[in-house]
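First, the structure itself, so that you have it in front of you.
First chain written, first letter: the chains are A, B, C and D, and each begins at residue 1.
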Amino acid sequence: MDIEIIQGIISLLLLILLAPLFSGVVNKLKAKMTGRIGAPVLQPYYELKRLFRKETINASNSSFISRFSPILNFVAVIIAAAMLPVGFWKPLISFNGDIILFAYILGLARFFQILAAMDIGSSFEGMGAAREVTFALFAEPIFFFTIGSIAFVSGAASLYEIYHSIHLDNISYMVFVVICSISIFMLAVTECSRMPVDDPNTHLELTMIHEVMILDNSGFDLFLYQYSGYIKLFIYTVLEISFFNPFGKESYLVYAGIFIVIAFALAFLLGMAETITSRYRMKNIPQYLLFATAIGILNLLIFTFTQ
Amino acid sequence: MIEFLVFIGLPLLLAVFCYFMQDMIVQFGLTLLAAFSHICLSALVFFGFYEANLPVFFGLDALSKLFLLILSNVYFWVTLVSYSYLKKPVMPKAEEGKKFYFMLLNFYLASNSAAILSSHFGMYWVAAEATTLSVAPLIYFYRNEEALEAMWKYLFLVSVGIAFAFIGILLLTLSAEGTPLEGRQLFFADFVKNAGVLNPIWLKASFIFIFVGLSTKIGIAPMHSGDVDATSNAPAPIAALMSGSLRITALLGVMRILQIISGTSCYEFARVILITGALLSIFAAFVSMFRINNYKRMLAYSSVEHLGIITLGLGVGGLAFAGALFHAVYNSIAKVVLFLTAGNIHRRYKSRQVDHVKSALTSMPKTSWLFMLAFLAISGIPPFGIFFSELKIFEGMLFSDVPALLVLLMFFLLFIFINMGRIIFSMLYKKGSDEPALPEPERWESNHAVAIILLIILTAIAVFSPDVLYQNIIDITKDFGIRL
Amino acid sequence: MENVLSILFCLSLFYVSLTLRVKGYIAVLRSQGIILAILLLYPFIYDFSVYGVIIPLTILIIKVFFIPRYINKIILDLDIKRQVEPTIQQMTFLPLVIASMILIFLATHIISLITKIDVIPFASGFSAIVVGIYIMIFRKKLIVHVVGFLIMENGIFLFGTAVASELPMMIELGVLLDVFVVVFLMGIALNKIRSSFEGIEVTQLGRLKD
Amino acid sequence: MNGFFSNTGNILFAAVFAIQFLAIVFTGLKNDRRALYYSNFVLLIGLVSGLFVTLSSKLFFALPTGPQNSLLNNWIRLDGLSFYFLFVIQLAAIPTTLYNFSYLRHYMEKKIGIKNFILFYILTIISTQVIVIANQAVFFLVCWEVMSISAYFCMILEKEKEEVQKGSFYYFAASHVVVFILYIFFFLLHHQTGSWFLSDYHLSFEDGAVISTIFILSFIGFGIKAGFMPFHFWLPQAHPVAPTVMSAFLSGVIIKTGIYGIIRTFLFIKPVPEWSGWLVLIVSMISAVFGVWYALAQHDIKKLLAYHSVENIGIIGIGIGIGFIGSANNLPAVEFLGFGGALLHTLNHAIFKSLLFIGSGIVCQNLDTRNIELMGGLVHRAGYIALFFLIGSVAISGIPPLNGFISEFVIFTGFFSIAGELKNYYPILMLIMVVGLAFVGGLAVACFTKVNAIIFLGSERKEVKHFHTTIYDYLSLGIFAALCIAIGFYPAPFVEIVQRVIAASFNIQPSSTLINMDWFYLSAIFGSIVLGIAALLLVKLWHHKKYGSRVSGAWACGYENLSPRMQYTASSFADEINTISGSILLYNKEIDKSEKPFPTPLKFESHSRDFVDRKLAMPAYGFLKSFISKIGIFNQTDIRYYIAFILIIITIYSLIAFLWT
């Protein structure tokens, strides 16, 4: 077997296995910042284990969609994860134009998740689905603006090549990349239902977005949803981390160091955001997302015309 | 001599005969016979199988051959359906009108043939006025107030108009003063030959007077009102006759003077006048279609529109000229179908108001489908002929010196089409508030058959485009000195 | 001689635009017919031919006898009021007629400089045409419209003699016959209108609209 | 005619049309049912054999049974583009015709005469096929009109309904405008080349302004038919009122003739100026974004789908625009990607839009309403219909692994390719386009989750006594769904066909960008998705066995009496997105708030009106009408005016004569 494929498989496995850990770290940091001890860092694994052992309950009105959707969701997220370059390794799936597939495969997951939510026939889920679809609509342009702008600057069209075209030696390019990373961070906040867009720990159904959509899932279904949620967050984290890789150097040590530092920084930022901000009003969220898009446009404009 | 007898003499004789002979069937049979012999002979003449030899003041050229065929075609079919129409008239008062129906019809044929065959302006004028006189009582067929008013207006307006045309003819003689033509008779051919030496001032004046005067008969705006009133109130066969043949005959007069003028320096001026008049009529139809509430009137305006298109084609010249001649042929056929089917609708619903006609498509499917097809035909939708003639006119316009007018024309035609469609579809589809209890199914009638035959002819001419027609129209354009 | 007759013709036009009596109109028609007949007969003083007399005689018969009598009969039959109600004041109508005539005479004069025409008969004929149309436009009574039409026809006839056109006799006769039949038909129509409508004024005829 | 019968393919080709014409004969049968079955069956035979003949042509399999390129004195010409569109038409028409069997039964039960409908349906199908192979301008126009008019006659099946009258009339009027524009279009071509044959039309840059005029005319003329945004307004009016079979064919195939026209025009005038590419691109982008946005605001399922046609035509147009830009800059790679994307999406859209229309037709007929707010829970009644509809929805949203994604993927790659080939300011503009297209995808997701969820999921909002389906429904939907899946999972052969079409008939330098994309890679990924799902399903089954599974009521904060009316509605679902661009969608909400101490029933309604229709077309017509009504000059009834007109007009003409120099 080709070494690249083995590397790809290893990085995919790493992504899948480490994803809950990252969530654990975020929660732990958040707890520390609010002055609590917090759950152990490995808590997400325990939760997954617990969910896996539970009986699966489906709502009485639901159809094959809500049984099928968690699986599809999970598979789609894993496929997306398989396109991510971890470090300087070539990902398992990498071809020209895979960023489109990346965005659209997450769209596939979302499509079925929304349908599954609507499948229950309860207005809670309906509300969540409506919000999800609205915010996702405005989130998608952010992704294309940031990743796409790097792609167009470099002329590459696959995630691997896009990231490998980043060379942090030019100061204007550095600023460009940093601002891109800010956009991606805002995107991650939205897509992964974190503050200030969504409050993952809320207890009121009316204020939820993502949580309310999986309100009626349990057991294996919930396990898949939760797990794919963790992976999704980690995917965006890796997207973020990859901005700062010194791709010229192929050193495992440097890469691991950068990986850990930036992951911690991101976890800190996420935790911080959840500590010091409150959730936005629902109708202000599109503005928040448009703000992120605007940053992306401005960034691209400035970069193109300063070159 | 036989041709003169068939074209003019026989109908004239029959007219006299019908005045004395009261039996309807005999009248009908003889009239039909005359119509049939007329169409046969004119077809023979048209196809070149028969060389006609007419007395002085009469003559045949390519143009009159074509128009004669149009006339006899329209007349034959109209005569054919007349009997069944007379048997079941719409208005009870029409009994009185029936007595003179065939007499006037024959008189009409005689006078119209004379007008078309005439080779002399004076003769043309007399015959054209005679057609007015024969048609006017026919308009008053229903013997009601509207018909009376329509007849009065038509008679009066056309008489005044044709008097102006007479002034035009007099001015034409004036234009010949000081030329070899001075003191000679007003034969078309002489004038065409010597067109170059005519006095341009009087030629222009003559053209204006003849055009405006005959406009009342052709239905060129703003002199179209009398024509519209008459066509919309006449019984269906007569309306078909007027739209299909009478207007064309009046147009012939304009074309004669155009033929003279086309060889002179005034040609440009004549074109401007023709185009102005044509656009005015299309505009008048365009305006009226927005507020019209009477379907027969709508058809009358459609005639105004199409005669406008023909005149426009004549004015633009070139390919549009040939297109206009084709259009004259197709329009006459389509108009007959439209008026005959509209007559059926009128007979059923006893009203000409659009609002009174409800869901015609279910209550009288045969007529309604034919009506719709005829509407499509008149709107220039293939495979019916008007599509092809309009195509020629449009193309001629686009590459003439007035391409911008094409946009204007299309704008008008589009809204005429939209408004006509709106009206016709509302007649055909719209459900009435009270459905009549089980309307009797519609039976086949002679005019359905005639309509179908005419639609087939309309398509067939266009699709097979017979050489003889094409050659004839080429001859006409040659006569007019127009390069295609 | 032609000019004298033409001026007489013009005078009849002034009269017709002044008078409000229906009888007056008929008298004008008669006198115009006579003028035209004289105008046509005048050449025969020098050069008589039986064949050429037919047309003037027909004119005399149709325009002087038949038509005025026929109109008179209609007036009596239909019990038409003798008084004409103008739509505009006589004091406006007459100046309009005069102004038009001045214009026509001036225009004719200008044109006569270019081409060879007899100014006076030409302009008188044309004036008659215009006045005939004015009468049709500015009078309400239908019978007066018929009179207006006939005055116009007379004008055309005068005009025709002015431009010295020689139409064949058969056609001249046809023209006259046509005019006669038109008037005849109009008379029949007036009869019908009288029995169908309230009155015989043009305002009654307003049913036909879009 | 010489040598026409020398080729088996020609004879077969003629036979195909003969069979289809034969179908017309059977509509003359007295019995409605027999007329339907016989004529439809014959038509089906004609279409299927037609498809085989098309497939045996040089473009596809190059069998000896394929017809020659030029038939009937060159009146019919079969180049790659024609074959491709013929293929699309026949492919989409077969299942649609199958559905006819089932659809028209309802009308027969209601005693509505259907013979006219079948007659004109057959005529529409034949004329649509002839349009794409006609090579003579007048012949093309005739077929074009026959297609438009017969489609119109199909639309008026339920002519008594006022909305049918109105909607079909929009279509009728719009198609007349198209024809007028096409007249001028062909006149110009004729004038420039002196020929009436489409194959002779080759213009070059030297013709300058004429090229621009021809291009603009074709874009407006064919664009009205296709439904690009400012000219789309007839589409959402006509599609909902047409019988479902016809809306499916109209949306799936007939509007594609507009696309065919635009591409054909490109072949006449290429290489096109670059601005034309931008024009097409921007108009298409507007169509795509607002088409789908309007769709989101609709509650009428067929109207919604009609707006989606606008969107998809926009996407096709984006592909064409890319191709134009490539052509202007002489970049064959870009051309291949742009036109390839457009042609592929044409095929794809024909498939999934027909599927969706037919699916919606089945639902509408059973529920007797088109309002999706009254539907719901049908997945329990008709699971397979729901599944097929779902497949169509996923496909139209451009989501992998179905066919919609494939064509959008090509178009995306086209953007990347332009950005890569032409540096300068192009990347920025292309990026904006990419984002726009992604945004369209997001809106489509929103829209089709809404449609699927509201119609099929949840519980029934309206009592459905009996959901009637027939084998034909499943057959036609099944064929379409299978095609969606086939193209999605195994795009390589279809891409190759498109590659061949462009290489054969577009006459541009060869480039293998399209065919060299990683199609097998995509197939593998999609395959692995399926494998993954299958594996997880097994796990799930095992899990259920081990840990158990059961069904329970949904969580409602402890409230017991959940009723179907408490479900989230379509209006609410789309409300937030629609409010954002409310002024363009003319989106207005009516909220019946009660301020009384004892709450009374509340009401919430939302409506969206078409901007072009309500703010441009209708006011323009209204203005024209009120302006016209002020023109009283021709409105006189008094004969004195008529006479005065003569005098006035003679004076005016004489003045013109005097002033004439």
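Here is the rule we go by: a residue touches a chain if its C-beta (ideal position, glycine included) is under 8 Å from a C-beta of that chain, and two chains touch if they have at least 3 such contacts.
None of these values were measured; they are calculated from a predicted model.
Student: On the document's contact criterion, could you list the chains that touch chain A and likewise touch chain D?
Tutor: Common neighbours, chain A/chain D: none found.
Student: Could you tell me which chain lies farthest from chain B when each chain's centre is the average position of its Cα atoms?
Tutor: Most distant chain from chain B: A.
Student: Going by the contact definition above, tell me which chain pair has the most C-beta pairs touching.
Tutor: Max contact pairs: A-D.
Student: For chain A and chain B, what's the span in angstrom between their mean Cα positions?
Tutor: Between these chains, centre-to-centre, one finds 78 Å.
Student: Measuring centre to centre with CA averages, how many angstrom lie between chain C and chain D?
Tutor: Chain C and chain D have C-alpha centres separated by 70 Å.
Student: Counting in whole Å, what is the centre-to-centre distance of chain B and chain D, each centre being its mean C-alpha position?
Tutor: So the centroids are 44 Å from each other.
Student: Counting only Cα atoms for the centres, state how far chain B is from chain C in Å.
Tutor: Once rounded, the distance between the two centres reads 31 Å.
Student: In chain B, what residues contact two or more other chains?
Tutor: Counting only residues that touch two or more other chains, chain B contributes 152-153, 156, 160, 201, 288, 291.
Student: Going by the contact rule already set, what residues in chain C reach two or more other chains?
Tutor: 133, 136, 145, 205, 207-208, 210
Student: Mind pulling the chain D residues that touch 2 or more other chains?
Tutor: As it turns out, chain D has residues touching two or more other chains at 639, 643, 646.
Student: Chain pairs that touch, all of them, please.
Tutor: By the stated definition, chains touch in these pairs: A-D, B-C, B-D, C-D.
Student: Which part of chain B faces chain C closely enough to touch in the complex?
Tutor: Counting only chain B, the residues touching chain C are 57, 120, 122-123, 125-126, 129-130, 132-133, 136-137, 140, 144-146, 148-153, 155-156, 159-160, 163, 166-167, 170-171, 173-174, 177-178, 183, 185-186, 199, 201-202, 229, 232-233, 288, 291-294, 297.
Student: Give the list of chain A residues in touch with chain D in this complex.
Tutor: Interface residues on chain A, with respect to chain D: 52-61, 63-65, 67-68, 71-72, 74-76, 78-79, 93, 95-97, 100-101, 103-105, 107-108, 110-111, 114-115, 118-127, 129-131, 133-134, 136-138, 140-141, 143-145, 148-149, 151-153, 155, 157, 205, 215-216, 219-220, 224, 282-283, 286, 300-301, 304.
Student: Can you list the residues on chain C that touch chain D in the complex?
Tutor: Listed in rising order, the residues of chain C that touch chain D are 130, 133, 136-138, 145, 202-203, 205-210.
Student: Quick check on the complex: what are the chain D residues that touch chain C?
Tutor: 635, 637-640, 643-644, 646-647
Student: Would you mind writing out the residues of chain C in touch with chain B in their complex?
Tutor: Going by the criterion above, the answer is residues 111, 114-117, 129, 133, 136, 142, 145, 149, 152-153, 156, 159-160, 163-168, 170-172, 174-175, 178, 181-182, 185-186, 189, 192-193, 196-197, 205, 207-208, 210.
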